[in-house]
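Below you'll find the structure I mean.
Going in written order, the chains are labelled A, B, C and D, and every chain counts its residues from 1.
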Amino acid sequence: MRLSSGTIRMIIPAASLAVLLVAVFYMQPRAMSYTGLNLLFNLAVPIALATIAQMLIMAVNDLDLSMGTFVSFTACVTATFLQSSPALGVLILLGAVAAYALMGIVIYVRQLPSIVVTLGMSFVWGGLAVLMLPSPGGEAPGWARWLMTSKPPYVPMAIVASIVIAVLTHLLVMRSSFGVLIRGVGGNARSVERAGWSVVGVRAAAYGLAGFFGVLSGIALVGLTTAADANIALRYTLLSIAGVILGGGEFVGGRISPIGAVIGALTLTLAGSFLSFMRISPDWQIGAQGAILIVVLALRLLLNRLEKRENNR
Amino acid sequence: ETADKKIALSNNYAGNSWRQAMLTSWDKITKEAVSNGVVAAADAFTTAENQATEQAAQIQNLILQGYDAIVINAASPTALNGAVKEACDAGMVVVSFDGIVTEPCAWRIAVDFKAMGESQIEYLAKKMPEGGNLLEVRGLAGVSVDDEIHAGIQAGVEKNPQFKIVGSVNGDWAQDVAQRAVAGILPSLPEIKAVVTQGGDGYGAAQAFAAANRPIPTIVMGNREDELLWWKQQKDANGYETMSVSIAPGVSTLAFWVAQQILDGKDVKKDLVVPFLRIDQDNLEANLEKTEKGGVANVEYSLEDAQKVIGAAM
Amino acid sequence: MTATRALFGKAWIWSFAATALVWIVTVLFTGGASSVGLSQAALTFAAFSVIVGIGQMFVITLGPGNIDLSVPANMTLSGTLALKLMDVQDGMILAGLLVSILIGIAIGVCNFALIKLLRIPPIIATLSMSFIVQSTAIWANRGLRIKPPETLASFSTAYTFGIPNVALVALLLSFVAWVLLEKTIYGRWIAAIGQSPFAARMAGIPVDGTRFVTYVLCAVLAAICGYLLASFSGGAALNMGAEYLLMSIAVVVIGGTAVAGGNSNVPGIWGASLFMFLVVSMLNTYGFGAGIRLILTGFIIIAVILAAGGKQATR
Amino acid sequence: MNEAVMREEVVAARGIKVAFGAVKALDGADLVLRAGECVGLVGHNGAGKSTIVNVINGGLSPQEGTVSYGGAAGYHGIAAARASGVRCVFQELSLCPNLTVTENVRVMHGDLKGFGWRRRGLSLVSGQLDEIFPGHRIDCDSTVEDLSIAERQMVEIAISFAACTERPRLVILDEPTSSLDAGLAAQLMTYVRRFVAAGGSVLLISHILGEILSTCDRIVVMKDGKVVADRPATDFDTRRLVETMGSVVREHGFQRTAKEKAREPILSMEARHGSQLGLQAFSGEIIGLAGLGGHGQTEALLDLYLSANSNWWPAREPKMAFVAGDRALNGTFSLWSIRRNLSISSLKALSSRSMVDPALEDGLSDTWKKRIEIRTPDMHNPILSLSGGNQQKVLFARALATTARIVLMDDPMRGVDVGTKQEVYEILRAEAAAGRTFIWYSTEMDEIRLCDRVYVFRDGAIAAELVGDQITEANVLAASFAGGEAA
């Protein structure tokens, strides 16, 4: 049986996550429990949401360097306005989503490199966050806290949330007729345009959706941490890009996989945990993170070889 | 009796000399404690990136590993509260120091950063009663320590209106960033009488003044060896006067002992205060001698010191 | 007439225009008194961004997905080890430089080995590599700050005819890079690979060899920059490269290099580097707080890129 | 004639002028298409065929002239064209490579949406493929990038003919057969006749005059942006058509050079994929690779090329040069000028001490501009400003300009006009006589017949070797099919 490239794009990340998980369970059997899994994965939820947001941008061949500061910004809004005056908070977040959509339009209409525009925006979001919370603080809205710490039966919240995110975005991006257009713009914008679609509209929608998932990421993050600061999620820019790639996505050509992206985010989080279970001298702990990333990706190559995909290229 | 207890250090950043000194002190004191059978283990964990989210994940992993106590130098006073709460719920003792957390279940070994800022102005007011223009080098925007020291400096200036802050830059507590920022604003500034800083940035500021051929003002230092050495050279050459103030990296060892005492069943108040380490014109040489080449002026704590600090707070 | 048209057709002209504007606005604050000092400071600090930016530009030119995130760690390790080796002795200055370059080569080789042998996407390969390199730097001297040799320190902080020496070094490296890119076969090759690696291969270009050289080149430039920066700022610090991660990418893209690869330019990097320094100086000078400063920086960057417009040329 | 006038007008473009800078792509061209007819559009490379297609399709606004759909003038644009039932298969393939075949149907057909669109799209496209290309083996759930270039072209054609909610009224086919082998091309032509008979209309653009003559009711000839003839197909034969296009007809008076096999081959490839036959090439030979499209010819060429060229070290002397057929994928560098695209493989010879000498480079590009008539006012213009056929000529020039002794050609005449083909054949013959070796994969029998020796491919392996007079259409076809799974 020949596997389609889409299936392979999903199998390989899933397999590397499984291998890593087995290794973690082996080293720390205590992790193999309801609370254990929750502790391992609950901080992956906001990362997964940010990764999905990044993936939507990468689907239309762009790259968002402002994802980290944007999530920090939405986290600050969540911990301040959304908590104290929800109506105003919702308005601000809607404005942020609209700003994303606008960014998508401007980038296309003026043919600008997305990297530079989002780089500029990263300063803007960062500045707004610093203005809102000059020093760390704020408070998570009760419902966000409740949502992120609730304990559903049998399966911990972190896993439930990851699955829900993966399935919903898969339906949205891979199965819906609208998702096809987003990926089509990434694959060949010209032919989408020739088929009578408004490419600018599709891109605005993709950016707007990305903004929406960025907002969700900020809310989820504050729900977990209970408070925010202006630098809280700076790392999400790189993490989200790495998550998309780890999940089998590519920088150009609209080749993405939402399930893969969520798995990628989980893998990155798990790789960090794996490290703290190994007792390494503090000098080398940072380096070990790099080594783990390399091993996980080398695993990908191994699995790739097994699938004999190399021959097709 | 804590011989079978395990303590972990959760550290969010290892990328500067202060943090390295902190880790070294921790290593030195805890190794001794472990070999003496005071505690079973005292492992240090560092995250790759200075990020609250990453540290929160690290704390959650430490919970899974079943430590009895976690000593935290936190990336954010609030963003770790979720993870800290989970640790407390799992029955662990959480002690935060330097970068403290606000979660009520945790202990805090705090330095009064605001007072640290204020003390700089007080010193300057004494040294130059006529006042003058100040340049403020701040830390990383959005971080609480930066905000607190800045608040202290501002309070000091309000009390001493003869001083005026004519310029303010962010030096991110790094010599090269401070140098870059100061060099950029310096050409536009009038005569500067003194530079107030946050630590780790005084030498960079001095370099920038020297490069711009401006008279060197009184620069408040931050206890780094290169700063002290520069101060010493200036002092020997032209009688340069200033002060140096910072939190001692060895406070990690105090936190260790506090955690040990709590595990031992001692009643310890949730909020402890440690003095900051201040170096003045007269004790400069003595401190410089004690400081490792390229390191930071340091004080390490013993069990007795810790008990004194605990007792004082009672 | 056509000359001006051709000039404004160049993407890099806009970063220079923005730089000039920001410079004027800053100097106006003091009624012109700060012009020399500000220019010298700008040249000095732009020089470091230029050196790492050039390396990054070569890599980015290789096409989508190509980027080197190990630049900051590389600078730290190179500065740390070189200063440790030189140990304040003037006689060791060249040896120190040599060690820096060797470190650069080693990191470049490792980066490319990860990319090629393990097929790891460059962004993750170089990120992982940077963690390992950073650890090595920590392990090497635990963050202690060692002073540079006196001669080297004074060379890197001195001026020749009023121009900072580091800027002259950067200028020299820029010239070499410009020749490489615009005039040599190698320059053609990387631009071709950036547009389509497969087509490049079918046109007879040794694609892997060229990419290898490019990654090594980038790492070597970062290492040299680390060496210079450590000498300039009076010692290596573990966090000394941190700023240059974003900076190295920003100066490349703001300077007008097509991020999609295949197109690059050296002058733009100078414009963008000066611009990035001067914007912060200007906002500091006018006394804005950190929040407003960040927001304005962002809007100014977007304004510059909006003025420069897209690449209309490639229709 | 009378009948045609009565028929309903689907699209009419009148007095169209389009200029790209100094280039007048269209200079007052008229084109009227009516229901129930198949119109052939021919002309040399760069005559303006694709440009007028873009105008009709709404993607390009003419500087002068009018376009009207169904007789109603006034509104123009992609949406208007699609609303009037105009569909287009473009010269350069325009599917989204990252999407599956079904998903591409969705992109092309806006009204395919709502619950169950996937199922409906799938049956739509697979039904249409079965109808046009009976016996095809395309899996409609596979991603387009996993398909061969011929399969992609088939899919695109099928999607354009498919009727989602309403049947297309006009289908424009811009060189639809350039990547199809003879069998598939014949199937398509048959379908076109059926479609036209059912009242649809088709605009067919091709450089293969045979299919134009046999399929079309009316032929429009373009030259330099103008329509120079618009007459019923019965008024033309090949010779008259070629002459109207402005080229001179040359006879196939072509003498094969008998090569003695005694010498050492300069290139040989082991037998592979279970075949007994290997591939050998001697100096000065033109070797053809024949067989049905997608049976391993391209792979064989790629293997030969990649094994001879190091990916790590620059070669001192290039051993082989390669002419790509899929120019968008592995041919052109789209950000570059024509000159740079042409010179990239010969830089060694154009430089001293690794520095490229602009004067030598200009010299080279000017020489080849003249030699194979690249139609552009300035070789500094971007490569994408060239018409498809002219881009292909640049790739040809790139390979021929090198000093390589062997030239591999992967169906290189895709979209090259008749006149130029003749010129290129001449060049090939001259170069071969001077000792160069050509290995030439072609989907056109006329070209295969020009070769000294032919290897016929089947299922990735060489099924037969034909020499000299054995090279006939019958023998090639026999070898392409015969034998079953014997080997």
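To be clear about the criterion, contacts are C-beta pairs under 8 Å (C-beta built on N, C-alpha and C of every residue); 3 or more make two chains touch, one makes a residue touch a chain.
Computed from a predicted structure; not experimentally measured.
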Partner chains that chain B and chain C have in common: A
Chain located farthest away, centre of chain D as origin (C-alpha): B
Inter-centroid spacing, chain C versus chain A (mean Cα positions, whole Å): 29
Length of the line joining the C-alpha centres of chain A and chain B, rounded to whole Å: 34
Centroid distance [mean C-alpha coordinates] between chain D and chain A, Å: 42
Rounded Å distance between chain B and chain D, as computed from the means of their C-alpha atoms: 71
Residues of chain A touching at least two other chains: 129-130, 134, 285-286, 289-290
Residues of chain B whose C-beta touches two or more other chains: 14, 48, 141-142
Multi-partner residues of chain C (at least 2 other chains): 131, 134, 138, 142, 258, 290-291, 294
Contact graph of the chains (line, ring, star, complete, other): other
Every chain pair meeting the contact rule: A-B, A-C, A-D, B-C, C-D
Residue numbers on chain C that touch chain A, as the complex places them: 64-65, 69, 114, 118-121, 123-125, 127-136, 138-139, 142, 246, 249-250, 253-254, 258-260, 290-302, 305-306, 309-312
Complex contact set, residues of chain A against chain B: 28, 30-31, 36, 39-40, 42-43, 46-47, 129-130, 133-138, 149, 221, 224-236, 269, 272-273, 276-277, 279, 282, 285-286, 289-290
Chain B - residues contacting chain A, complex: 11, 14, 23, 27, 43-49, 51-54, 56-58, 60-66, 76-83, 85-86, 102-103, 140-144, 146-148
Interfacial residue positions of chain D with respect to chain C in the complex: 305-306, 309-315, 318, 321-322, 324, 329-336, 340, 344-345, 347-348, 351, 354-356, 382, 384, 398, 402
Partner chain C, residues of chain A touching it in the complex: 63, 65, 106, 110-117, 119-131, 134, 238, 241-242, 245-246, 250-252, 283-291, 293-294, 297-298, 300-301, 304
